[in-house]
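Structures for review follow.
The following pair of complexes shares a single chain, subunit A, combined with subunit B in the former and subunit C in the latter.
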Partner chain A sequence: MQKQATFNSRWLPWLLIAPQMIVVLVFFYWPAGQAVLQSFLLQDAFGLSTTFVWFENYKELFADPDYFATIVRTFAFAFAIALSSLSLSLLLAVMADKPLRGSAIYRTLLIWPYAVAPPVAGVLWVFMLNPSLGVLAHGLRAMGVDWNPLLDGNQAAALIILASAWKQISYNFLFFLAGLQSIPRSVHEAAAIDGARPMRRFWTVTFPLLTPTIFFLIVVNIVYAFFDTFGVIDTMTRGGPAKATETLVYKVYVDGLLGGNLGGSAAQSVILMGLVIVLTAIQFRFVERKVTY
Partner chain B sequence: MANVTLRNVRKTYPGGVEAIKGITFDVPDGQFCVLVGPSGCGKSTLLRMVAGLETVTSGEIDIGGRVVNQVEPADRDIAMVFQNYALYPHMSVYNNMAYGLRNRGMAKPEIDKRVREAAQILEIGPMLERKPRQLSGGQRQRVAMGRAIVRQPKVFLFDEPLSNLDAKLRIAMRVEIRKLQRRLNTTSIYVTHDQLEAMTLADILVVMNGGVVEQIGNPLDIYQKPATTFVASFIGAPPMNLTPLRGDEAGIRFTSGGSVPAGTILGVRPEDLTVSTGDAPEGGVSYDLIVEAIERVGAETFVYGSRSGAKEAAAVSAKPGELPPGEIIVRIPGQAAPAIGAAIRAVAPRDKLHLFAADGRSRIDL
Partner chain C sequence: MVEREGIRRYVAHVILWVGIAVVAFPVYLAFVASTQDNAVIANGQMSLLPGSHFLETYYRTIFVGTSGTTREPVGMMLFNSLIMAMSIALGKIFISILSAYAIVFFRFPFRMTVFWIIFITLMLPVEVRIYPTYKIAADLNLLDSYSGLALPLIASATATLLFRQFFMTVPDELLEASRIDGAGPFRFFKDTLLPLSRTNMAALFVILFIYGWNQYLWPLLITTRDDMQTIQVGIRKMIVTSDALTEWPIVMATAILAMLPPVFVVIVMQKLFVRGLVETEK
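And now, the complex of A and B:
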C-alpha cells in the first residue's frame, strides 16, 4: 500500500497548501519581518523622519534597568502562574479521576473556564476583587486584609497571577486527567497490594508516570504566562500600579503604541520572538519526544 | 502458609448485577487451586475479592484463620500476578521487585538478598537494571512472578497470567509456575479460561459459570465424572458430545439400569468413541454418522460427523462451547481418517457414557 499521495501536476500541491501559506505569510512572516526592520530604525518625536541606527535600539534597551526589571518580573509571573495553575489542576485531576458519582459533571464544569476569553476573565476577577465593589474584596477586608490592588503593587501582581492561573487550570486539568487515565488501573492495584499507602502511591507511581505530561504543560504554561496574559493585564491593571504588573508583552504595547517608541518596541518584539523560538525548540527537542513505557 | 476459605461469598454491583451468587470452598494450605470458566463467569471478580481489590457484598473470606473482608489489600499478606503484569514502567526490574519490600520498611541488605534470590530462581539476574519496556513478554512475566515471590506472602493470586504469551511460551511458563509453587509450597489461587491450563496446574479445580460453582474437585475426577453438562462440555477438548435422547432411544438402551425419561442427555467424549463396523457392546452406544469435516492435528485426528436423521433434533439450540445438536466429534489416533461424505459408525462402551438430567444441571449415575 502506498501511503503517500503522488501528484502528476506540478502546481496542484502548491495550490493546495497556498491558503495556509498565505495566512502564515501575511500574519506571521510579514509582521515579523516588519518588526525586525523596525527595530533597526529610529523615528523622531513627530514621526516625520526615520533614521537607520543598526543596533542602537537594542543597546538602549539593554542599558535600561527598567527593562531588566520587567524581564525578572515576567519570569517571576510565569513561574508563579505555572506553579499555582499546575499544582491546582493536578490536584483537581487526581480527585476527578476517582470513581465518583456524577464525575462527568465535575469534569465538564472544570473545563468551562477554558472557554472564557482572557479579557472577560479579567473583568470577572476585577469585579470580584474591586476594592469598593467586589464580593471577595469585602470578605478580605472583613478578615482584616488591607486590600487595595489599585495602590498596592504586590496585591495587583497577586491578582494577575490568580486570574491567569485560574484561566489555565482547565487546559492543564484536561491533560492531567488524560495522563492519569492512561495509567493502567492494575498498576495502582499492584502498588496497593505492594503496601504503598495512597500518598506514597501518588509520589512513587502516579507522579513519575505523569512526568511527560508535566514537562509538556510546564512549557505550555510558561508560553501562556508570557504571551497570553495580555488580555488579563489590560483589563485588570493596565500594567500598574507603578508598572508592578507590566510584563514583557505588555511593555511592548505600552512603549510602542502608547509611548510612540516604535523602534524600541520593535526591538523588544524581536527579543520575545527569539524567546518563543527557544521555548518551542525545547518543547520539540525534549518534550515532544515520544515517551513510551 | 495459610489456607483460604470462602463462605457463601456474594458480590452485587451497585447497578444490581449479581456477579457472584454465593460461593463456598476451601483451599488447604500449600494447595494450588484453579478457578476456571468462560469469560464473564465471575472468576476474576472472585479473585479480586480475595485480593481485596473488590468489596465483598456478603459472606466471609478467610485467609489463614482471619476473616479479611475489611482488611486492606496490603495487609492481607497476599501477592498477585496480573494479566498485563502491571509492572511499574518507570522502575528497573530490581526496583519493581524491591518496591513492596521497601514499602514495608525492610532493611536494605535483606531486600537485596531476597531480590537476588528471586532473580536467580527466575533466571532474570542479568536483567535487574533494565526497564520493563526493554523486556520480552516472557521476561516481564518472570519479573511479575519475582515481585510476588520476594514478598514471601501467605497466598499467591494469579489472574490469567499466561494469556498474553504466545502458545509455546505459555506451555513453558505453565510448567515453571507449577514447579515454583511446589518448591515454595505457597497456597495459590489461579484464574484462567483455558481448560488445559486448569487441568495441568490444579490440585483443586473450581469450575465456575454465571457466578456460581458448577463443580469442585480433583481435575481428573471432574474429567471423569462431570456433574453438569456445562462442566462436561467445558472440561476436555474437543468438548464432550451431548445428545438429548429421543423417547424410543431412552427406553431401548437403558432398560437394564432402570429407565430414564426422554430428553435425558447422553454424553460421550470424542476420545471414548471408536470407529467400528460392528454393533456397540452390550449397553453401549453407537452413532451412524456422515463425515462432514476432518481436523488433523498430527498425533490424532478429529472427525466431525452429523447423525443421519438427526436434523429434527436441532430444535434445541447450542449453547456457547457446545456442539450444535446432531453433530458428533470422534477422536481417532494417528492420521488415518475416513473420507468426507463417508458413512461411519462410532461406538462407545457402557462405562464411558455419561447421563445428565434434561436441564443439564445434574448427573445421573448409571
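And now, the complex of A and C:
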C-alpha cells in the first residue's frame, strides 16, 4: 500500500492535500451531509420551523404511486438503453475485430460520438423525429405510423431510448473491441481446428470469454441511463407527456424547481446516492474479476 | 473455404459501413439543416443535400445568436464552455496530482483516512446531490461565476486514484537516487515525477476536457445570466416548444459547434483518449 522510500515532513503533505480536501469537503461532503440530514426533517409550509421525523419522508415517498412508477420507468429505460446499445456495439466490435483492411479507420469513425454531449444528442434526434418537420418522422408517417411523441408517452419514451442508446454505442464499442482483442488468437484457432463454425465459435468461445466486459458494461450503461440521460430528456421531452419520460434524476430536478417539499426532495437524493453506491460496489466486483481473468 | 472467408469479410465491411452510417446520419442531417433556409425546414421540405446558407448561418450563430430565445451569440457560449472545461480539467489534474503525491510519497498521521475521504467521492456524481450543492454555491456567492461552474465538478476522486496508481509503480530507486543528488520533495516532484507523469496527465486531460465540456445539469442550475450560459445550456433554450418559433438552422449550427471541440479532441488525440478512458474506468 505504501512505498518503502518516502519523504518526511510534518506540514508538507498536509499542504499538498489541502486544495483537494477543501474542494471535496465543501462541495461533496457538506452538500451530501445536508441532503442526508434534510431527508430526516420536516419543514412547515412557511419554512419557519423544522422537526425531526425519522423516516417519515421516505415512507411518504414509497407510499406515493407516482414515485414508484418513476422507479419502474427508470429501470425500464436503463434496460432498454443497455440492451439496444450493447447488442449493436457488440456486433460492430466483432466485425471490427476481424483482420480487415482499413480497420483503424472504422474504429475512428465509430468512436467519435462518445464526445457528443447528451443534450446535443437529444437535439439531433428531436430534430429528425419532430412530428411536423423531421425527416425520419415523415418516413414513419409514410409507413403508416401515427407518429406524435408530443402526445404519445410510449413514442416519447422510444425517442429518449433511441437518442441515449445512439450516444452510448461508441463507448460500448470501444470496450468490446478491447475485450475482443485481449482474447488470444490461439483460442480461436484451436476452436477452428476442432471444426467449430464461426457462429458456434462466437457463442461457445468468444462470448463466454467476454462476460467480464459485458458485466462491466451493463453496470456502466445502467449508471449512464440513470444519470447522463438527463440532458437527453431535458432537450427532447422535458419529462413529458404526462411524466411518461420522467426518470429518477429528472424527478429530483423537477420537484426541486417547484420548491416546497425539501425533506421529500432530499430523501429522493439520498435514495439515488444509495443506488449509485450499490452499482459502484457491483462494478468494483466485476472489474476485480476482469483484472484477475 | 477461402471463398467463404472472402464473403464473410465482405459482410463485415458492409455491417461496419452501415453502423458508421447509422452513427453519423444525425450529425450529417444537422449539418445539412444548418446550411438551409429556416422557412424551407419549417415546411418539412428539407433537402438531404447541403444548401447555400452555410456562411450566413454560421456567421449569425457565432456573432449574433437567435433573434428571440437566447439573446446571446453562440461565440460567447463557446467561450464559457471552453473556460469551464479547461478549469475542470486543469483544476482536477492540479489538485489530484498534489494529493496523490502526498498520499504515496509521504508518511503522515491519518494518511489512510485522508485517502478514504477522497476515495468515497468516486461514487457519487453531482446529479445526486444537486440542490444541496446549489445552495452551498449560492451561499458562497458562486452563482453565475466560472468558479461556481467548475469547483463542484472538480470534487471527485478519479484523477487522484489514477495518479496514485501510477505513482505506486514508480521504482523506489528513483527517489533514493534523487535524494543522493540532494533533491528535496519539491525537486523530486518537479524533475522526476512530473516528466514521468506527462502521458498520464495528457490522457487524463483529454477525458476531463470532454467531461467538462459536456456538462449540462450543473451549468443549467448555476447560471442565470445569459452571458454566463454554456453552449449545452444555450442550445436547449433555443428550442421553443411551438415549432414555428425555433430557428432550426441556428440550432443545428450550434449543435455542430458544440460537438466540434470534443470530437476534434477524440479524433486527433485518439491514442490518449482511449488510454484515458480505459484507465479512468478501472
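Before moving on, here are some points about what is shown:
To be clear about the criterion, the second predicted complex is superposed on the first by the 265 of 293 C-alpha atoms of A that agree within 3 Å, B and C clash if a C-alpha of one lies under 4 Å from a C-alpha of the other, contacts with A are read in each partner's own complex, and residues count from 1 in each chain.
One rule holds for everything that comes next: a contact is a pair of C-beta atoms (placed from the backbone, for glycine too) under 8 Å apart; a residue touches a chain by one contact, two chains touch by 3 or more.
All values reported here derive from a predicted model rather than from experimental measurement.
Once the two complexes are laid over each other on the shared chain, residue contacts for A:I161 go to neither subunit B nor subunit C. By the touch criterion defined above, A:T204 lies against subunit B but remains apart from subunit C after alignment on the C-alpha atoms of chain A.
Looking at the shared chain after the overlay, A:T280 reaches subunit C, while subunit B stays out of its contact range.
After superposition on the shared chain, subunit A has more residues touched by C, the comparison being subunit B against subunit C. Of the two partner chains placed by superposition, A:A78 touches none, neither subunit B nor subunit C. Within the superposed three-chain model, A:A192 lies in touch with subunit B and out of touch with subunit C [touch as defined at top]. Contacts of A:L86 after superposition on the shared chain: neither subunit B nor subunit C is touched. Once the two complexes are overlaid on the shared chain, A:A244 sits clear of subunit B and of subunit C alike.
Of the two partner chains placed by superposition, only subunit B is touched by A:P184; subunit C is not.
Of all residues in subunit A, only 184, 186-187, 189-197, 200, 204-205, 208-209, 292-293 touch subunit B in the complex they form. Subunit B contributes residues 51-53, 72-74, 78-80, 82-84, 86-90, 99-100, 103-104, 131-133, 147, 151 to its touches with subunit A in the complex.
Residue ranges of subunit A in contact with subunit C, taken from their complex: 1-10, 12-14, 16-17, 19-21, 23-24, 26-32, 34-35, 38, 88, 91-92, 95-96, 98, 100, 106, 108-128, 130, 132-135, 138, 166, 169-171, 174-175, 178, 198, 216, 220, 227, 230-231, 234-235, 249, 252-253, 256, 265-266, 269, 272-273, 276-277, 280, 287, 291.
Residues 8-9, 12-13, 15-16, 19-20, 22-24, 26-27, 29-30, 33, 41-44, 46, 48, 94-96, 98-99, 101-108, 111-112, 114, 117-118, 121-125, 127-133, 135-137, 140, 151-152, 154-157, 160, 168, 172, 175-176, 179, 184-185, 188, 210, 213-214, 216-217, 220, 232-233, 235-236, 239, 243, 248, 251-252, 255, 258-259, 262-263, 265-267, 270, 273-274, 277-278, 281-282 of subunit C are the ones that touch subunit A when the two sit in their complex.
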